[in-house]
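Labels A, B, C and D are assigned to the chains in the order they are written; within every chain, residues are numbered from 1.
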Amino acid sequence: MLAILHPNISRDSQAYRETMHFLENLPGVTLRLHEVQGATQKLTEVYLLGETKSLDKDEIAALPAVERAIRISQEYRILGRHLDDLRQNGFTYNGVTFDQSNLNIFAGLCAVDNQEHVDMMMRSLSEHGQECTRMGAYKPRTNPYSFQGHGKGCLPWVFETAGKYGIRVIAMEITHESHIEEIDNCLEKLGRPTGVMLQVGTRNTQNFELLKAIGRQQTYPVLFKRGFGITLNESLNAAEYLATEGNAKVIFCLRGMKTEAGQPHRNMVDFAHVPTVKRLTRMPVCVDPSHSVGTRDRAPDGLLEVTHATAQGVIAGANMVLADFHPRPEKALVDGPQALQMDELPAFLADIQLCHETWKKRQQLYRRLEGAE
Amino acid sequence: MLAILHPNISRDSQAYRETMHFLENLPGVTLRLHEVQGATQKLTEVYLLGETKSLDKDEIAALPAVERAIRISQEYRILGRHLDDLRQNGFTYNGVTFDQSNLNIFAGLCAVDNQEHVDMMMRSLSEHGQECTRMGAYKPRTNPYSFQGHGKGCLPWVFETAGKYGIRVIAMEITHESHIEEIDNCLEKLGRPTGVMLQVGTRNTQNFELLKAIGRQQTYPVLFKRGFGITLNESLNAAEYLATEGNAKVIFCLRGMKTEAGQPHRNMVDFAHVPTVKRLTRMPVCVDPSHSVGTRDRAPDGLLEVTHATAQGVIAGANMVLADFHPRPEKALVDGPQALQMDELPAFLADIQLCHETWKKRQQLYRRLEGAE
Amino acid sequence: MLAILHPNISRDSQAYRETMHFLENLPGVTLRLHEVQGATQKLTEVYLLGETKSLDKDEIAALPAVERAIRISQEYRILGRHLDDLRQNGFTYNGVTFDQSNLNIFAGLCAVDNQEHVDMMMRSLSEHGQECTRMGAYKPRTNPYSFQGHGKGCLPWVFETAGKYGIRVIAMEITHESHIEEIDNCLEKLGRPTGVMLQVGTRNTQNFELLKAIGRQQTYPVLFKRGFGITLNESLNAAEYLATEGNAKVIFCLRGMKTEAGQPHRNMVDFAHVPTVKRLTRMPVCVDPSHSVGTRDRAPDGLLEVTHATAQGVIAGANMVLADFHPRPEKALVDGPQALQMDELPAFLADIQLCHETWKKRQQLYRRLEGAE
Amino acid sequence: MLAILHPNISRDSQAYRETMHFLENLPGVTLRLHEVQGATQKLTEVYLLGETKSLDKDEIAALPAVERAIRISQEYRILGRHLDDLRQNGFTYNGVTFDQSNLNIFAGLCAVDNQEHVDMMMRSLSEHGQECTRMGAYKPRTNPYSFQGHGKGCLPWVFETAGKYGIRVIAMEITHESHIEEIDNCLEKLGRPTGVMLQVGTRNTQNFELLKAIGRQQTYPVLFKRGFGITLNESLNAAEYLATEGNAKVIFCLRGMKTEAGQPHRNMVDFAHVPTVKRLTRMPVCVDPSHSVGTRDRAPDGLLEVTHATAQGVIAGANMVLADFHPRPEKALVDGPQALQMDELPAFLADIQLCHETWKKRQQLYRRLEGAE
């Protein structure tokens, strides 16, 4: 059960005290408070956990501080989409809005290698009106002897270059809680020329301690990658760890599953789950075609298979695309061969726009025709 | 690469020694000699195995002992799309054309249950201008105690009804070679009111004896379903069994893979392989969203997940859609709960058309913009 | 519900007629008769299918022709092991007994290549007291251009050689129903010098038409290989197809599952399911270490990994071992590199014997110590 | 390439300086030093990384400080077993020896719940001569709302109880680097009544930051669990992260793979990899039958399937068994239903001993018979 309190209610008010007194004394029930700070108001959500089956939803809703009560299922309590749950999804960060209806593109470097490439990449994005990018500084590698990323050393020039080109949000994977502070300190010192979306990689999907550390801060939103060897349910449960600690600004990223059924692709593209995740939760959904497909093979229709996978995500309602580009793929330190090239950016952006518009048309079409027989 | 030497060439000749010296020193290439002793002459074939991609066919052909050089890939010799292979793809059957550029829709009954439902289904298809359908008469079931289909008993009224409504091609699964003759006899007796595309199910993908029997006839084209538990390469090799026996009129159908990574879908949707199969072979590619998704769950945008999967196949260039409909899903004997309903047909057809048109626009867009930076 | 009639009951008897009359008139219940011809008596089992939940077991057991009634679950009705089901498992064929307590070894050639190798193999087996072997004549191959086995052409000299060396049972894969007759005709013509156990390969596990054809004869027992890409439940259901047609002399063979989790083995060894299959069904269980492991890698303890896998099957109660040997592995046409060599046969047989004895000791140990704390 | 220096060589010696000068100036080669502190001597290993293919092994071996040079493959440099690599495996911790030849049993509680159960468990182990156990204090759970373990709060009484009953090593999972210090502080404060083996769970197999933190200390050995959704190669690479930071006292634990091919078991038992891991690396190998099998189903031979899986691991040379027991399984907070019961301990221990002895007999048998034909 979830009780949403009246907006901006004071903790000193009589209504609040009475309500909490009642709730705290429900037998077998424990409470967990979750505060959502919006642009104009603060929302307080009280989660009732434990023996809630016998509770009367109307009775809870009638408490003086409660605006609305929602019966929620056992799983994904905060991030989930529950029956009769009309809560809004999405959030705005550094001027960019992320929700289940719109679309943002994060083209960029899988791994930051040098200043020249970062500059070339961001300049090109800027010229095409893009405000977001991906930039990998901390790279978890399967083999301990592989290049592990430049780490915090590259943050200053990456962030300054972003500021120079008007990039508002950089998706950046972190692998240790200390990276949050490194990023925060660097941004603060530079006067926050850009923003960062903290990315959790597929190898850390069930690194619950990292998730809890990220969840304890609300400054930075999170791009949470699905685990490539666990079920969707398990990945969604893991994302919920972020929310239980207080950060519900989470985007869920599909990035392919690890099974030889996906060959000759690097992973098995899982974008049929775009509508599924939107149905089960209120998270915006991102697709990562680069790591899913992992090749630059070209279909007989002239298009790269990776752009077909991108289109498949967008036509089904994806809200974000994460894509590897590189100015000189042959010189990339990580995943170069799969990267898209700079002269492919305009068509890539236009294709995504076309597919996103077609997704909207599809919705209109079904609203018009369905049930009309 | 295969080098065929001049007939009766002597191993002591200067030409032979020079040629073999050259071939033996190609880096990364090993040789395998095969001698064919004919009535009047001896042919020597030299197979070049290993890293042969970079070899120059003309250079090999110009060696003194070589009469002819042929570039062959090891796999899918007949159905495959080989380098510099300009052979046409596709075929026409009973007035309907199937190739890698166009699109045909096969909506219909997973399992034929009674005449009324068949009539309702086909009439509706006819009203919407459709000439193709799916109708299951022979049903292989996991459990031997489940309904196994009406078999040949239903063929006469299924075929007659098809003729009545102008249905030209029925996709129909067969599980035994005798079914070919049953179908052929019935069609012949009725004056061929319609046509049949023989469907091979996922449980028979590697039933090589059935494939050989189907391959030995050329009257009926084949809808070949991918194996749900083997690699794509293994499924394509299996399809080649049809071609080696003489029937290359084969459509390759993606129908989802068996892995729990696909949950909550029944199988893991594999439509990212649409462009892959078109690249590796000359077969038109079909998608089967009904068996892949296997549910009627609806995304928050109002569309069924099964229609999103359909759109994903078509936006990437699928050439055929196989979909389960049923006039009364609650009464269907097989897979009723996942079936689409008759009043959903118009929107379904319009959606597919929209996505197919968008696929064409995407090709134009890339031709116009790619490399234009 | 299963009603087991009194042994050797006559269909003309009053008891039989009364019993069947009663059973045939149970509402919503259909009957299926299954006859088991033993050495000294004939057993008739009547399966009651459909709405059997409300039936009274004691009432059925009290019918004049009924000896015992057993409530069976919905799955694996005939082959399954049901609650309170004390029916015997196993069978005797051509003088060799197969059940859930004993152990038979089938070492032999994966694919018959020439008479010399068959003779060498069987002579060696005979010298070590073996009465069973495996010999592949019909080989289903992933690639249509690979060697497909010598087929019926090699049957006469394979069977004659078996007779010469006292081999009583040959496990031989068949891929088409016509092979049953080919084998039967050849054995008949030669005066039945040996016996054959029909093997169903993993690619045909769900080839239900082949299973039904094999099930319709009771002359030859069946070695049924688990499907490498489906669940255990699905494979057991498929085995039941053999039994529903009348042949319950089935041995279930574990041969590894197709998942990259098994690397560097060829398949993922699944022998932990030995006790599981014995628990769920009454079938003797075979393990095939050769195809599971698929390499000749040697552990630091000096033993081949394939012999460790064998030991793992036997220590848990496997009743049959199927193993690839070859007198000259480097000349084998199929799966040569993984074959065991003739000089490894004595240790292989002794190791299996040691592990089988240890399995028996383990049973004694638990009977003595369990619950004694 | 690996250069093993003379034991106890001084860093001030002329031989050391000359040798390092030579190695440091090899073009394209970087060095990594790894010190192994044994009971009586200190070994220094110098790993040569980078362009080492052209190096002359004999030349390196001839350097004054070098005792031996070993050419190593690119993977698992430190933990791996390389060609002609005769380095010892194993280590001794708190009086207990772990290597690839012996066997230790860690029966205990999956999750510590209360003092009474810990006392009952350890007393029983002590009565049966056991010196090791497993005790879970930090539990990573799929669902954030599940019981997460008592954490550091339970350490004092767990360690004290262990000391009371002579338990020398407790395998204990940690999920955050701070847990190392919590454990170390607690042990230190109590006067080190027992020892701890740090366990890395399957969800953290690729949590490289945690591995690096654990690898930076050498006080506690590590029980490293295989990732349940990645390849064996990837798990072995991850284990190498521990060693690159300095801690090579690592035991590799097989615990089942996540695939529905394993059903009805909870995971797919992977113990056929026992000899494989021993062949590829020098790590002792542990098996975890409890989490692999995950049920208490009993085979018709009277033995639990979980004990059959245990026997399968040990018969193939496993060096450690990790098993869940509980005095009152019905009251266990985590994984109670799968736990073994206290009265099953004597038979369980005797069974493992019998299988371990049989493994030794198998080695003798092969040494005696193999090649004797």
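One rule holds in what follows: a contact is a pair of C-beta atoms (placed from the backbone, for glycine too) under 8 Å apart; a residue touches a chain by one contact, two chains touch by 3 or more.
Here the structure is a predicted model, which means the values were calculated and not measured.
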Self-check item: chain D reached from chain B - shortest hop count over touching chains
Solution: 1
Quiz prompt | Interface with more contacting C-beta pairs, comparing B-C to C-D | solution = C-D
Quiz item: Would the interface of chain A with chain D count as same or different, where same needs over half of all numbers used to appear in both copies?
Solution: same
Quiz item: In whole angstrom, how far does the Cα centroid of chain B sit from the Cα centroid of chain C?
Solution: 35
Practice problem: Just give me the whole-number Å value for how far the CA centre of chain C lies from that of chain D. | Solution: 38
Quiz item: Which chain D residues sit where two or more other chains touch them?
Solution: 258-260
Quiz item: Contact residues on chain C for chain B in the complex?
Solution: 49, 74-75, 77, 140-145, 175-176, 203-204, 206-210, 227-230, 234, 237-238, 240-241, 244, 258
Quiz item: In the complex formed with chain A, which residues of chain C make contact?
Solution: 259-260
Quiz item: In their complex, what parts of chain A are in touch with chain B?
Solution: 81, 100, 229, 231-233, 257, 259-265, 268-276, 278-279, 292-293, 297-303, 305, 307-309, 311-312, 315-317, 342-347, 350-351, 354-355, 358-359, 361-363, 365-373
